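Note that the chains are named A, B, C and D in the order they appear, and that numbering of residues resets to 1 at the start of each chain.
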Amino acid sequence: MEREFMFTGIGGQGVQLGASVLGHAATLEDRFVMLFGMYGGEMRGGTTDSTLVIADEPISAPPIVSKTWGAIVMHHEYWVPTRDKLRPGSAVFLNSTLFADEFDRDPYCVVEVPATAIASDLGAHMAGSMVMVGAVAASTGLVSLDSLVAAMKDSLPSYRKQHAPLNEKALSAGFEYAEAGATPAWTDG
Amino acid sequence: MGDVNDMAGTTSRGTVTIETERCKGCELCIPACPPDVLSMSTEVNEIGFRYPELRPGCTGCSACLLVCPDFVFEVYRYETPQQYEVTP
Amino acid sequence: MSDILPTSAPPSVPAKKIAGFKPDLLMKENHNLCPGCGEPVALRKLLEAIEAVGAQERTIGVIGIGCYTSFGSGIDVDLVQALHGRAPSVATGVKRMRPETLVFTLQGDGDMVNEGLQEVIHTAARGESVTCVLLNNGVFGETGGHMTATTVLGQRTKNSLEGRDAGYHGYPILIGDLLAQLEGTAYAARGSVHDAASVMATGRMLRRALETQEKGLGFSFVEVLTMCPTGWFIPTAEGPDYLDKVMGSVHTVGELKRKAHD
Amino acid sequence: MTRRLMEGSEAMAEAAIAAGCRFFAGYPMTPFTELLEGFAKRLPESGGACINAESELEAVGMAWGAVATGARAATGSTGQGLSLMQESFSEITRAELPLVIFNMARGQGDYYQSTRGGGHGDYRHIVLAPADAQEAVELTQLAFDLADRWRNPVLIYGDYLIAHANESVDITPRTYPPLPPKDWAVDGTLGGSGESRTVNPLGVDKKSLGIDPEGLWNRLQEKHERIECEEVRVETGFTEDAELVVVAFGSVGRFVRHVVREMRADGLKVGFVRPITLWPFPSEAVAAAAHAAGRVAVLEQNAGQMIDDVRLAVLGAAPVVAIGGISTDRSGFGVGDLLNPAAVRGRIEGALSTGGNFR
């Protein structure tokens, strides 16, 4: 079983880090993972996306996918190309604090998470992607919270290690916010 | 080698062997020889080159060996200097 | 002609051999280089310098492309044959993997100063612990006497028939002086083989360069001016004088740098 | 657990070091740069050296020297940088040195360069084309073994996706049959013994005191013929009852494999052949698949290079059509619109339904 995700947003929102934390967490749980980030020459401010595929066997999908099982959308700026890759029934996680676009929600399982607001309440407005990743994990059962925390600690570069405690709170907050098992990824448990 | 001229042509403190068959006749040894006791042959060797010949007065200084690109010289120094009659 | 002495065999009276045909590290006396060529003379001194520092059983040479290339097959040390210009880079890889060895390169002026100029400069700048030896005769000897980057102004070559003209052909590169400026260069010298005293001085330079490498002081370099009467289109006997007067007046002989030595 | 999530470049560098590579030299160029970074980071702690060379010419020269000493060594670049290295590759191959070369290419326009021997003279490199990071790791380790076994350079043809995608990989060193001793390598110890060695591309044997270019040429050709017999590697899928077989290599081969699986799930009778060795080319597998299917499409990210080898394999027994093309983005790294399963499927369906532009 392969689950593809598009993780999109504005550079600086933690899109690449969020996808990396999810991917590393799945690796810790012995899943097969593929992660391919694309971003412009500018480090921040441009649109950014990461393709994440998690599977329980060697992955067939190439690093660029046409259709995804789920999407994590941090901002409406990159919504349209993300929407175009969704299948009917795809799980869509919207950062409802910032997402300001109208679209037909009927074909999808939309989960709204006020990720940026939750992160700000924690005093970590940059940690919205961690809140989002926590929520995705809870809703899909993709990985456990423990794996996410361990993966987050592994993924932080040495010069950002001081952010680990707040990131951990953000992951937990997102995990608690989302309804557990609302959009299950692993139908075989 | 300050006393070389006194002995030139009469006394040899040293000598050389010359592998004349390997000589390519470049003549670099001729001006290099401080006592001026090397001169080119009139005959040619198997590969068609003239080669150096030694006259009395060698000091065994090795200058010929140093400048020779074809490694044809070996240099010896006598235990006792050798005297030669010189044809005027 | 009665005063011509026999020279075909060692003397029959007691005498001490003070110098033999060839260095121990040369496998054969014969080579195919032209009459009057200065390169074998320089190579003899290089091999003697290797023997003098006692590195016979831990030396690796990297040979470029030129007349001396054929000579290389008769040298009894491990060799890597490189492409034109590439020897300093190849030597870098050799030395990094075999730091216990003494590594030298052998290149001509066309090889080092034309084709491979940046390689020798970067190798020197890195302070790579190798000894690069340049045999500089100011022409591409192997192709038949064409102009190189070290050909001096006024020098006639096959493609500067009226003599090298600064306005048309540009100026020669004094590579030894250039390399001496670099911080990574610990030893740089320019010798010549136009007379016996120069040959001996060149031998001392080569030995100091190898000692510099042995002491791990950095990059070492010896440029040797060599005669190429064939490429210069002059009689062999005039080679030494031409080398001294024409090349030596521009590429001045002497030690150019001796850093933290002795 | 032995699998780790790693960027392909980093995984390949680690795999090379796990395989015993102790020297690397390169010059930065996207998408090769991260491989150089990987070696720069990991080689010193493994007792090796990685030199950020001042040019590709110098990088290949340094690797040449390192490999001549018997060390496992590698260099690489993108195809552009490899163009600069070709003169040395020619000589290194003739000197029978086991160099490993990475081409982290910008697309697939370097197929000719890789498989024809981009430099002067008659020579071949064994060319391995991984489709994903795990295969890149395995082929990197295999490359060092093949290079030593055959005393011939081995080139790994990667690309932007192989270099930059993060994937789950297992870098446990593989074991291979014993190799012949490196009794040709230079270590300096035989100086003055009359047995000193020379590593050269001229056929020089110090004992013979001359060069033997014809003997060298004969020996190399005989070796290359044996490699062609013994080292072919290929993956095929669904070729038994296919009505169209698609030939693709590397990352593009991965897209094709995935799309063919999807199309099979939808009941469409397509198959694929993915050459893993581009040289020696898996001509027999291609020919067998072509004979069974009766139609062949070649999807490569260039104007049609591998298609020459496919046609030589098929020898007119089945029509062969090119359904690839350049696929580039503004940055020129070879990640363009064709690298998309939907686009790949469109090309294959076109060939399947209309017969395509069969020539």
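Just so it is clear, a residue touches a chain if its C-beta (ideal position, glycine included) is under 8 Å from a C-beta of that chain, and two chains touch if they have at least 3 such contacts.
Everything numeric here is computed off the predicted structure, so don't read it as measured data.
Peer 1: So how far apart, in whole Å, are subunit A and subunit B when each is placed at the average of its C-alpha atoms?
Peer 2: 91
Peer 1: When the C-alpha atoms of subunit A and subunit C are each averaged to a single point, how far apart are the two points in Å?
Peer 2: Distance between chain centres: 65 Å.
Peer 1: Between subunit B and subunit C, what is the gap in Å from one C-alpha centre to the other?
Peer 2: Result: the chain centres lie 26 Å from each other.
Peer 1: Multi-chain contacts in subunit D: which residues touch at least two other chains?
Peer 2: Touching at least two other chains: none.
Peer 1: Counting only residues that touch at least 2 other chains, which ones in subunit A make the list?
Peer 2: None at all.
Peer 1: Work through the pairs of chains, note which ones touch, and then classify the graph as line, ring, star, complete or other.
Peer 2: line
Peer 1: Every pair of chains that touch: which are they?
Peer 2: A-D, B-C, C-D
Peer 1: For subunit B, which residues count as touching subunit C in their complex?
Peer 2: Checking each residue of subunit B against subunit C gives 9, 12, 14-20, 22, 24-28, 30-32, 49, 53-56, 58, 60-63, 65-80, 82, 84-87.
Peer 1: Given the complex with subunit C, which residues does subunit D contribute to the contact?
Peer 2: Interface residues on subunit D, with respect to subunit C: 22-23, 25, 49, 51, 53-55, 57-71, 73, 87-88, 91, 95, 186-194, 196-202, 204, 206, 209-211.
Peer 1: Note which residues of subunit C are touching subunit D in the complex, please.
Peer 2: 24-25, 27-28, 50, 55-60, 62, 72-83, 85-98, 101-102, 118-119, 122
Peer 1: Can you tell me which positions in subunit A touch subunit D when the two form their complex?
Peer 2: Per the touch definition, subunit A meets subunit D at residues 20, 23-24, 27-28, 30-38, 58-67.
Peer 1: Mind pulling up the subunit C residues that touch subunit B in the complex?
Peer 2: 2-5, 7-11, 13-22, 26, 29-31, 33-41, 44, 193, 195-196, 199-200, 227, 229, 236-237, 239-240
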